[in-house]
Structures are given as structure tokens and as C-alpha cells.
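Note that the chains are named A, B, C, D, E and F in the order they appear, and that numbering of residues resets to 1 at the start of each chain.
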């Protein structure tokens, strides 16, 4: 399956994402999830950035929090709402919000 | 200070409790916090049970979740709402809910 | 379109927010959806509990007596009565020391269906077989 | 009763739930509470941010432009304008790589008060000095 | 006899923290204490009158009315409430509506304060 | 043109997930897609009409009305809503009220489904 997972929080109490397998996995950082893409903890980037090559972060939610697209880890593609719609319909067939 | 901390969740994303100091610290497990008193994770009891000798768990919330007072770790005193009122007014002077 | 399979994956614990409880009641609603569908169309959810979602599934819950609210146990029994597939993650039950016999069945209500303790791989399979995945 | 000191401790991040935002607006309300108190009575909150609570305090927030909702930055500026003590945990800022100059001030609005970066020990002290502690 | 003020931010349903507040207030009043309750955040939505008590859902109305009868003062954050579309005439009778300073004023006169943050 | 059904459980205010749903639905409709939105849990409280849009709080009403004008179908879980004391005549016009099977029926006819759990 081609699965896009929306990550909406920074600190997660779930390990579901660690165990999930998909032929194509995308992670879309939204809401406070964008901190995974912008913020290091004790100098270390979020381990989620190693889960897949298909990483996206929502520009509107980065800017809402006072950060800039330039603050985003190089591995992550900055997208807007319109891009998210295209990802949903064109790149993935199943969606999960965690 | 004499501080009673209400712990209302099992998995915590805060480390505040680890850093807090009090002359007398009490931890009152309520809501899903009662799992700290009843449930081991990979065979290990919650580390919160080592924080203080003054540990309490709310009987009503244990029973709501299908567990029994007998399932509670021996270090934890099972209390009811009436006991909690007495703890609040007689044993502690400040309260925190995390 | 015929049957549409869904995987309902509950990762949040019961009695914390409303989400994990609504997962169960939404799954049960599969039984009445036919009034809104064309003849021959159906929806088949598989209800899966993983992670902290396996907490709050134990039998003997006194939620109605103590808080006047339907217990998760009652909702689970209703699932079994309407013949829903309920999978509970084996590894996570083991992690929290919850044994199979601590979970409810609905034999007293005449249900043959039982909660199935399943390895995560079987839950992964349910997600792969489903057209849509819903995380709760 | 005179002055009652309070420690407001914000441990939840902004823009997730309403709690961490309401902590700020409730603290600001200290300015108008005198209409409900006897002469000479006051309430003095110290607003402390710890853990994930230090996230969402950076300047340049576009919440109003993008979501039509007042930013936390604006709320923080209002705190400084009404002369509230705002302490942000130094260790937690370091942990998340947020430097002091990334946080807003309210100089442009004429406030002398600034956000104070303080070690956790100072926040602990604020809790000890307070009559009541409120966790948000 | 002492005074407890509780700030309650979580919503009425699902999160059992709201139920905790109701039960704790009842227990405190029954022991002769004075209790004040402040609702803000999602809890402010719970002052709407005519809640239907379905068994699947917690309810606030009947419990709040009973607490008020026993002398508990309950107040909702007016801004939080109107932002949710609920106007004062639609609210449960005898619940007060005020600004956030109501909470601070009650805290000023309290022996104990329990602030319960929301979801 | 394809169909997206979104299940939205988080409350209107504070949690920005609700705002996400509104924005995503708008973006999808603007690209010619069909969108359905199902509200349950705290989100069900957001169908109350006459929300005052204070700047400190997110608002749903004007955005939902705009989405409905663009052809988005929005339905609230009736049980979740009446449990919060909100009756249908008090709701925002043209929002549908139905049981949980409405959501399942929309899912049946959808190309994509995004279920957003609540607090």
C-alpha cells in the first residue's frame, strides 16, 4: 500500500508509526508535528526523519509558529495545502492521522 | 512546600514531575493515571512509584477500568473521593494536575 | 461498488478522550449503513486495538455504576453481538501484562464471536486489505 | 489578605490545545481583578514556561495572517505590556535549540519588561514562593 | 471548613477529568467545605442547558444543578463560551458568566486551588 | 475529480486540527474535488450557530457556511451534538444531522478518507 501518515504532534505517545510498513510511506508534518522538521532535541533531529525519504511539512503551520521554511531540515519538502491535496489524491492511496 | 501532584495520564509527554522538588511530595493517580499503580510495562512498574513514599490511587477510577483494588502495587494507598478531599486540605498545601 | 473493507485502528486509550470510544460506536454503525447504500453495497470494518489502545479493554468495568456512562466493556460486547471482527494486538497485551482471559466476551448475550488476540502482523494485514484506514 | 502570589506553569505546547494559550490570557487578567477584590488585595502571577511549553514562543508568528487567530507572540507581548513576570526555562530552550533572541519583546509597544530566561531552579523557587501553583 | 477553587478546562465528554471535578466538588461540599468551579476552554461548552443524557456520554447539567443547590459557585468564561456560539440565555440557570478575573478573585480567597488543564 | 471524506473529532478551538480540516477542504474543493466532512466528539459542538468570532479563538461558522456554498457536504453526529445540549434548530443551517452510519456511507463512495481523532 501507498500510505501517507499525517503527524500532528511533536511528542508522541504512540509507537504505531515505528511498526507500520508500507510499500510507499509518506510522512506529512502538520500542526505541532512540524517541529519534527524544524527542531532538534539535544542536537538530534527527530528519528522520524529516518523513516522514509518521502517527508513533507506544511508551510502554513511552520510560519504560524514563527519559523521559516529555511528552518526546515533539508530532507523535508515544504508544501502548502494545495500540495497536500495533490499528495493525497496522486501519490498515496491510504491516509492515517496520528 | 507540601505538594500533591495529580497524575491523570499513563504515558506522559512531560518531565516536569521528574524535576519538581517538594519537602513533602504526594502523587495521586486518577483517571488513566491509575495504570501507573496497576500495570507493569514489560514487567517493570512505573518509575513514578519510586518518586515518593506518598502514593495514592483513586478507587473509583481503578474500578471503572475493570481492575480491582487488589491489582494495585503494594506501595500505593487506594483512596476514594472523600479521602482525596482530606488529603487536599489536611496533608498538602499546594496542588498540581499534570 | 460492493463491499468496502475498512481498518479501524485504535491507538489511544479508553477513558481519556472520546476518540477511542467513538471508534467502537462508529464500527458498530456498519450494521445500519445499508439504509444509505445501494442494494448489494456494504461496509466491513475490522476493529483493531494497538499500543495504549489495548488498555481499557478488561472485563468487570464499573463505569456505569460509578460515573453513569456506558463502559467500554459494554461497547465491546455490542461489537461481538453484531459480529464485528475485533483484533487486539498480542505484543501490546503482553507488554502490559494483560492476559486473554481478562478481556470480555459476550457469551451471556448469545454471541459466538470472540475478541481475537492477534500479532501486529495480522493487524498490518488488515490495514493492507482495507480500502481505507482510520486511526483513532 | 493582601497580595496572593501564584505560579502559572505552562508545560503543554502552544497551538495544540487551548490550555497553554489560556494560561497566558488568565495571567493577563490579574490586571483587572481588583474590581472583584477588597481594597489592598492583589493577585500576582508569575508565568513560567517549561518542557514543551517553551515551544511556540518564537517571534514572527503568522497565526493571524494564516488562521485568523491571535498568535501566542501577541499574547506574550501583552503580558510584557501589563508588566507580568515571564520566566522561560533555560535548560529547555537549550534542549530545543531556541536562543534568547528568537523570542519576542514588546519594545515597539513601549514595554520595558522582557521575557526572562531562567534556570529551572528559579522556576522551582517561583513555585515555592507562590501560595498556589497552576499547571497548564 | 475551608475553600477549594477548581479550574476546569477539559470538555464535558470523553475525557473523564470533567467527571472528576464534579465528583470531587460533591465530596468536598459533603464534608462542609466551600467549593468554586471555573470553566474555560472546552469545559465552557458544558454550560449549555438541555443536555440530553444519553448513556454513552457523560452529562454535566444535572450534576452542576445539584452542586449549585449545595452552595457551590460555578462560573464560565464568557469569551470561551460565546466563541462556541452559546449565549447566556441558553445556559444552565444560576451558572455565572464572567471574565477570567473571576477565577483569580476566587483563588485570592481560597485555601486550595486545583487547576486542571484541558485536552 | 475525486472524493475525499474527512472525519473530524477535535474541538473547534485551541487544537488547530479543526482549522486544518477547514483549510484542507477548501483547497480540495478549489481543485474541483468533492469533499464530505463528518463531525463527531468535540467537533460536534462546533455546529452551533451564532458563534462570536473573537480574535483569540478559532471560529467555524463562517468557514463551514462558505464550504457548504461550494458544495461540501457537512454532517454532525446527532448523538454527540444533543449530548452537548445543542438541538437541531440551534445549529448552523444546511449542516446535516445524522447517525454514525452517514460517515460510513460517505466513506463507501470515497476515493480517500482522512480520519482525524480528537483530543
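The definition used in the following text is that a contact is a pair of C-beta atoms (placed from the backbone, for glycine too) under 8 Å apart; a residue touches a chain by one contact, two chains touch by 3 or more.
Source: prediction; values computed, not measured.
Asks: Treat touching chains as neighbours: how many steps, at the fewest, connect chain C to chain E?
Replies: 1
Asks: Among the chains here, which has the CA centroid at the largest distance from chain D's centroid?
Replies: Chain centre farthest from chain D's centre: C.
Asks: Among all chains, whose Cα centre is located farthest from the one for chain E?
Replies: Of all chains, A has its centre farthest from that of chain E.
Asks: Please state which pair of chains has more C-beta contact pairs than any other pair.
Replies: Comparing chain pairs, contacts are most numerous for E-F.
Asks: With chain centres defined as C-alpha means, what is the inter-centre distance between chain B and chain E in Å?
Replies: The separation of the two C-alpha centroids amounts to 23 Å.
Asks: How big is the gap, in whole Å, between where the Cα atoms of chain B centre and where those of chain F centre?
Replies: 38
Asks: Going by the touch rule set out above, which residues of chain E reach two or more other chains?
Replies: Each of 13-16, 41-42, 53, 56-57, 59, 80, 112-113, 115, 117-119 in chain E touches at least two other chains.
Asks: Give me the residues of chain C that touch two or more other chains.
Replies: 12, 15-19, 22, 25, 52, 67, 132-133, 135
Asks: Can you list every residue of chain B that touches 2 or more other chains, as numbers and ranges?
Replies: 11, 13, 31-32, 60, 64, 94-97
Asks: Which of the chains are touching one another, listed as pairs?
Replies: A-B, A-C, A-D, A-F, B-C, B-D, B-E, C-E, C-F, D-E, D-F, E-F
Asks: Would you pull the chain A residues touching chain B in the complex into a rising list?
Replies: 11, 13
Asks: For the complex, which residues does chain B have touching chain C?
Replies: That would be residues 9-11, 31-32, 35, 39-43, 60, 63-68 of chain B.
Asks: Please name which positions on chain D make contact with chain B in the complex.
Replies: Residue list for chain D touching chain B: 9, 11-12, 50-52, 120, 124, 127-128, 130-133, 135.
Asks: Name, in rising order, each residue of chain C that touches chain B in their complex.
Replies: Within the complex, chain C touches chain B at residues 13-16, 52, 55-56, 58-63, 65-67, 71, 73, 95-98, 102.
Asks: For chain F, which residues count as touching chain D in their complex?
Replies: That would be residues 13-16, 19, 23, 53, 55-59, 119 of chain F.
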